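By written order: A, B, C, D, E and F. Residues from 1 in each chain.
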Amino acid sequence: MISAHAGDFVWRAGGAIALAAHRGGRAKVVCLSYGERGESAKAWRAGHTLDEIKAIRREEAEHAAAALGAEIEFLDAGDYPLVETPELVDRLVRVYRESEPDVVLTHPLADPYNGDHPAAARMALQARVLAQAIGYDAPGEPLGAPPVFFFEPHQPEQCDFKPDVLLDITPVFEAKRKAMECLPAQQHMWDYYTDLAVRRGVQLKRNAGPNLGLAHDTRAEAFMRLYPQVTDTLR
Amino acid sequence: MISAHAGDFVWRAGGAIALAAHRGGRAKVVCLSYGERGESAKAWRAGHTLDEIKAIRREEAEHAAAALGAEIEFLDAGDYPLVETPELVDRLVRVYRESEPDVVLTHPLADPYNGDHPAAARMALQARVLAQAIGYDAPGEPLGAPPVFFFEPHQPEQCDFKPDVLLDITPVFEAKRKAMECLPAQQHMWDYYTDLAVRRGVQLKRNAGPNLGLAHDTRAEAFMRLYPQVTDTLR
Amino acid sequence: MISAHAGDFVWRAGGAIALAAHRGGRAKVVCLSYGERGESAKAWRAGHTLDEIKAIRREEAEHAAAALGAEIEFLDAGDYPLVETPELVDRLVRVYRESEPDVVLTHPLADPYNGDHPAAARMALQARVLAQAIGYDAPGEPLGAPPVFFFEPHQPEQCDFKPDVLLDITPVFEAKRKAMECLPAQQHMWDYYTDLAVRRGVQLKRNAGPNLGLAHDTRAEAFMRLYPQVTDTLR
Amino acid sequence: MISAHAGDFVWRAGGAIALAAHRGGRAKVVCLSYGERGESAKAWRAGHTLDEIKAIRREEAEHAAAALGAEIEFLDAGDYPLVETPELVDRLVRVYRESEPDVVLTHPLADPYNGDHPAAARMALQARVLAQAIGYDAPGEPLGAPPVFFFEPHQPEQCDFKPDVLLDITPVFEAKRKAMECLPAQQHMWDYYTDLAVRRGVQLKRNAGPNLGLAHDTRAEAFMRLYPQVTDTLR
Amino acid sequence: MISAHAGDFVWRAGGAIALAAHRGGRAKVVCLSYGERGESAKAWRAGHTLDEIKAIRREEAEHAAAALGAEIEFLDAGDYPLVETPELVDRLVRVYRESEPDVVLTHPLADPYNGDHPAAARMALQARVLAQAIGYDAPGEPLGAPPVFFFEPHQPEQCDFKPDVLLDITPVFEAKRKAMECLPAQQHMWDYYTDLAVRRGVQLKRNAGPNLGLAHDTRAEAFMRLYPQVTDTLR
Amino acid sequence: MISAHAGDFVWRAGGAIALAAHRGGRAKVVCLSYGERGESAKAWRAGHTLDEIKAIRREEAEHAAAALGAEIEFLDAGDYPLVETPELVDRLVRVYRESEPDVVLTHPLADPYNGDHPAAARMALQARVLAQAIGYDAPGEPLGAPPVFFFEPHQPEQCDFKPDVLLDITPVFEAKRKAMECLPAQQHMWDYYTDLAVRRGVQLKRNAGPNLGLAHDTRAEAFMRLYPQVTDTLR
């Protein structure tokens, strides 16, 4: 899971991450920056320095990751703007080669409200392809072809986000809520993303096939796929 | 599975049908017409009458369905053009209510080479929505919300067909080949659709996640989804 | 404002309607059907007859329209399916010619969950164009070219709905809430559409230019335009 | 208003600029380059040096800006290619912070005929987002969220340009014509863009609502919106 | 060439028609209606009856066709609305079978300003596919697969019209102008479509490969293709 | 013809190249890299060094180009990733100015499986535009406006590839097959691209107009156009 800023993984994919951890898998979050410039308005207004803000954001994100059961790594590449570089892509290749993920989560490729998000996504995708090549000079075995899921942006329609997958996160929603509460500076988002989980849950039920026995209070997260789904059963 | 003509289900979704039957499920094919005018050029050139052609097509399609392990029903609504009517939609509602499918397969909504295909799809979709309403006057319980898959048309790019799902049909490919061979008038299609299964199989392997242990000679069929996938696991 | 069923105008455009009425304009709602078959599951399960259900829906919709300050007219054309006919289009032409609307509101043209919605929209649009022609045989003067707004469907992304306009409905939100409460059979929708108004309000504030002095609790509705905006000021 | 070359603002948005100035607002044009290499063929063929051409283009653009009532600033960043750099984006951030625009005009994001245009647009958009962040290190207050309008490119359909807004520039069209005539090297464009203003004017009248009392000789410019319109009235 | 109303062929494809005739080919225009209701406002305002208007439109269109060197046939199917019927499609099948066109011209499939245009196009396309089937019961040989070109609508961008082909009509532009002048009721269109021919001519030169020796006053018409171009040379 | 890696031109456009050479034209292939890291898995597994692999790839590509009758030039810019630089674009400008191509072939702009392909395409397109400007400082005359064709990627639908042109390569297919056989490391591709030529050939026949007298075993390649076709005849 590769995100631009330290908080993104909680709001957009906290359920998916908690679900993977909940089932005994390894879930790893890579934050390219702390979101210290672009997503910390409250701390700036409170008069904190850049280093203080980075430290605050780091600690909060660590708590949130722990609440979800995930590891977290910070690349501290700076934000607003997050600048794409070969070095940063190379670091991501090494993360892929080391962690051998079954699934990759990242931002969608369009976001007219925040240029760092698509920049993070482009690097995440480029590094994934490079990591697949035996000829790319980095430790470890060539990566397989883990499917890529784009998580939901803040204003989905303006980012050409159309849900391909509705993921039932009901069993772990409490963990997601706790992780959100680790980010006190963005308290107005707690309810916003709780409401979104309800909304996506209603849609999930509307799209579910017959006889699924879904809970009344289903909670969901939405994702887009970059590549076609590979399966041996249609459903 | 609702198709415009008697042969469509074999070429485009024979693997998916055989897979369902192979696993002990009930697979039902509904042919709105026999394809007697639009897809029987050879028989017309041989001088057969309309009724003879319909009988030939029916028998071939029955054999092909049997080879796949599927039931088949013919609505004999005429083709070229297949005309959309409320009566035909109502018949499809009754089929849905009776068979309670877990999954619906039909043609994509665009096909500049054959107007019957989108007409069949529109009726299949409209009937599915009507069958969900308790207020719709037809026997049986309201339908759930079975997912809809569009199967691959003959010229996919011109029909805005972009694979969302690649289905591994390797275990049943021999059955699909046998079903194709039940349609001798279109012998040139046997190899065409075998080649397509190879091509989609190569793409499936390219898009599969790590460690799937896929066969060297993987065969696949491609589908689009109309509605988002509902799942409790990302993969 | 032309909608397929008796309840649609409340959930999707109650704010826009109340706003027009609030400012002293005439707001008129045309319901092509009562939604008696497709959107009255609760009443069917309670054992009501078709005529009873239509009467209930009619009464509820009249109360809701009154709460918004709007006139309402029912064409009783039947739903599930709502069938497009030349006669129905002609009736809409006459409504346009009589009411000379400054603005037209209707459903978007795509909705894979409900075929009646696009059918209503197609008729609303066709009638609007016909009403503009002096040669069309109906009473009244040729219609001008009132702009058309599509209101937000239940699952916006699946209907290719991308907001072009965010309308501030804060001053009339209480009226919209009251109108929603006139529809007791769909009580679960009251909160759903209140949450949506909050969500669209947050987005409105995010997209508003500087110095607008927006309320903290801004409520909004989203619309798409069919035609380009005509203006003498960019903002 | 941020454009790639010194002439762009005249042809594509001269009316919008004159209209703003005409109403007593401040209109500011930022030219990233003089268009000295890519849009000065006549001067090159006449044997001028690079510096001479830049001086000519600068003077012409200053006259044109004056004719429209606008300020103009040249960043002299070079053209063909206009290279995107963090430094240039930073300069634009400072322009935004200083001028606090109510509205931003720039090129559309696609132009297969001229790579400098999208490059200018990308920088204009990125800088706008950066300028909104209190944590971005530049003088001035964080920017609000001024709406962004893309002006019309030379071959609109090939640039995926679909008019969202038709702006009535009739009252200032003479000023636009005078500004065009400040660019003698491109005399063939004077009539071309006059014809375009007529054409867009005809479309404006066709899309205008009733009772607008438009002039027979309406002149217009077309724009696309990047973000949804925020309004308190539908029209 | 199949058009909805009696005047369409002149404005949108008069050059293409004249070019075909000019080179010794047979050019045939089929008008589904006279445009008597929707495109004859002036005549209605002058107090003519329906029959008079149809006669006027017919005579004008005959003169225009003659000026282009084309045959013309009127199906008198009525306009505003032009209603799609199996009978009308069948008549078009017979026209295809009889005339065996090398190329088919018709309206694009989207036009939010005029529903008759897409209706004509849908019938033209459906009939073309039906005419290809040996099993379709109509006189003549099965049709080949003539390419289909959509001509340019009045507001191209709003109709999703993006030029795929720019046709040089310089040698026959005078004939097109003369044909336009056969339609005195729409005199304001003469200059509008002359300007458009200039504009498309400028674009043609901009897109032409090297060494084409194009005239300074090139005139062009724009078209979209429905099917891929088939060729033995890339250029 | 500008490609990212040393083998691309053979699989995707070998027919088009051979056809041009076959007709006495000059065909030139520019390979930005050898594909030494990303497309040489077999050689890496065999233990070769980077330099050895580049030499092998170079030799194979030279043989393949010779088999097609084309010149070939290697820019050795490195792959996986192929990095876009002003210097590389400048080298391509000089190639355009020197070779004055009538037609440009390159990769499509989207490829989620290989980032080098779009990078090559972006540079090829940018250089083409720069080479057209008299003010761009490089030897030679300004380039005309050669049409651009995108050749078919490995997974066309996932790259938004929709064929605009089907090119009949039957007369030179044997040469293409021989060129493919010059690339022994990718033997599994020989049949894959032969099957694709058959498939595109079937589609070509389906889309060809009447009376073309096409061979039973037609072979084809598919291309997209970036710019509209310029022509003096519709067909």
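Some notes on this structure:
In this section, contacts are C-beta pairs under 8 Å (C-beta built on N, C-alpha and C of every residue); 3 or more make two chains touch, one makes a residue touch a chain.
The shown structure was predicted, so the numbers you read here are calculated from the model rather than taken from an experiment.
If you take subunit C and subunit F together, the chains in touch with both are A, B, D, E. Each step here moves to a touching chain, and the least such steps from subunit A to subunit C number 1. Distance from subunit C peaks, on a Cα-centroid basis, for F.
The interface formed by A-C recurs in B-F: of the pairs listed in A-F, D-F or B-F, only this one shares over half of its residue-numbered contact pairs with it. Between subunit A and subunit F, the superposing rotation on Cα atoms measures out at 120°, rounded to the nearest 5. Taking shared numbers over all numbers used, the subunit D to subunit F interface scores under half, which places it in the different class. As a whole-number value, the distance joining the C-alpha centres of subunit B and subunit D reads 52 Å. Averaging C-alpha coordinates per chain places the centre of subunit C 37 Å away from that of subunit D. Residues of subunit B in contact with at least two other chains: 113, 158, 163, 203, 206, 227-228. Annotation, chain-chain contacts: A-B, A-C, A-D, A-F, B-C, B-E, B-F, C-D, C-E, D-E, D-F, E-F (touch as defined at the top).
In the complex of the two chains, the subunit A residues touching subunit F come out as 86, 89, 125-126, 129-130, 133-137, 142, 226-228. Against subunit C, in their complex, subunit E makes its touches with residues 36-38, 40-41, 44-45, 50, 53, 80-81, 83, 112-115, 158. Against subunit F, in their complex, subunit E makes its touches with residues 16, 19-20, 100, 102-103, 105, 143-147, 149, 163-168, 203-204, 206-212, 222-223, 225, 227-235. Those residues of subunit C that touch subunit A in the shared complex are 113, 155-158, 161-163, 192, 195-196, 198-199, 202-203, 206.
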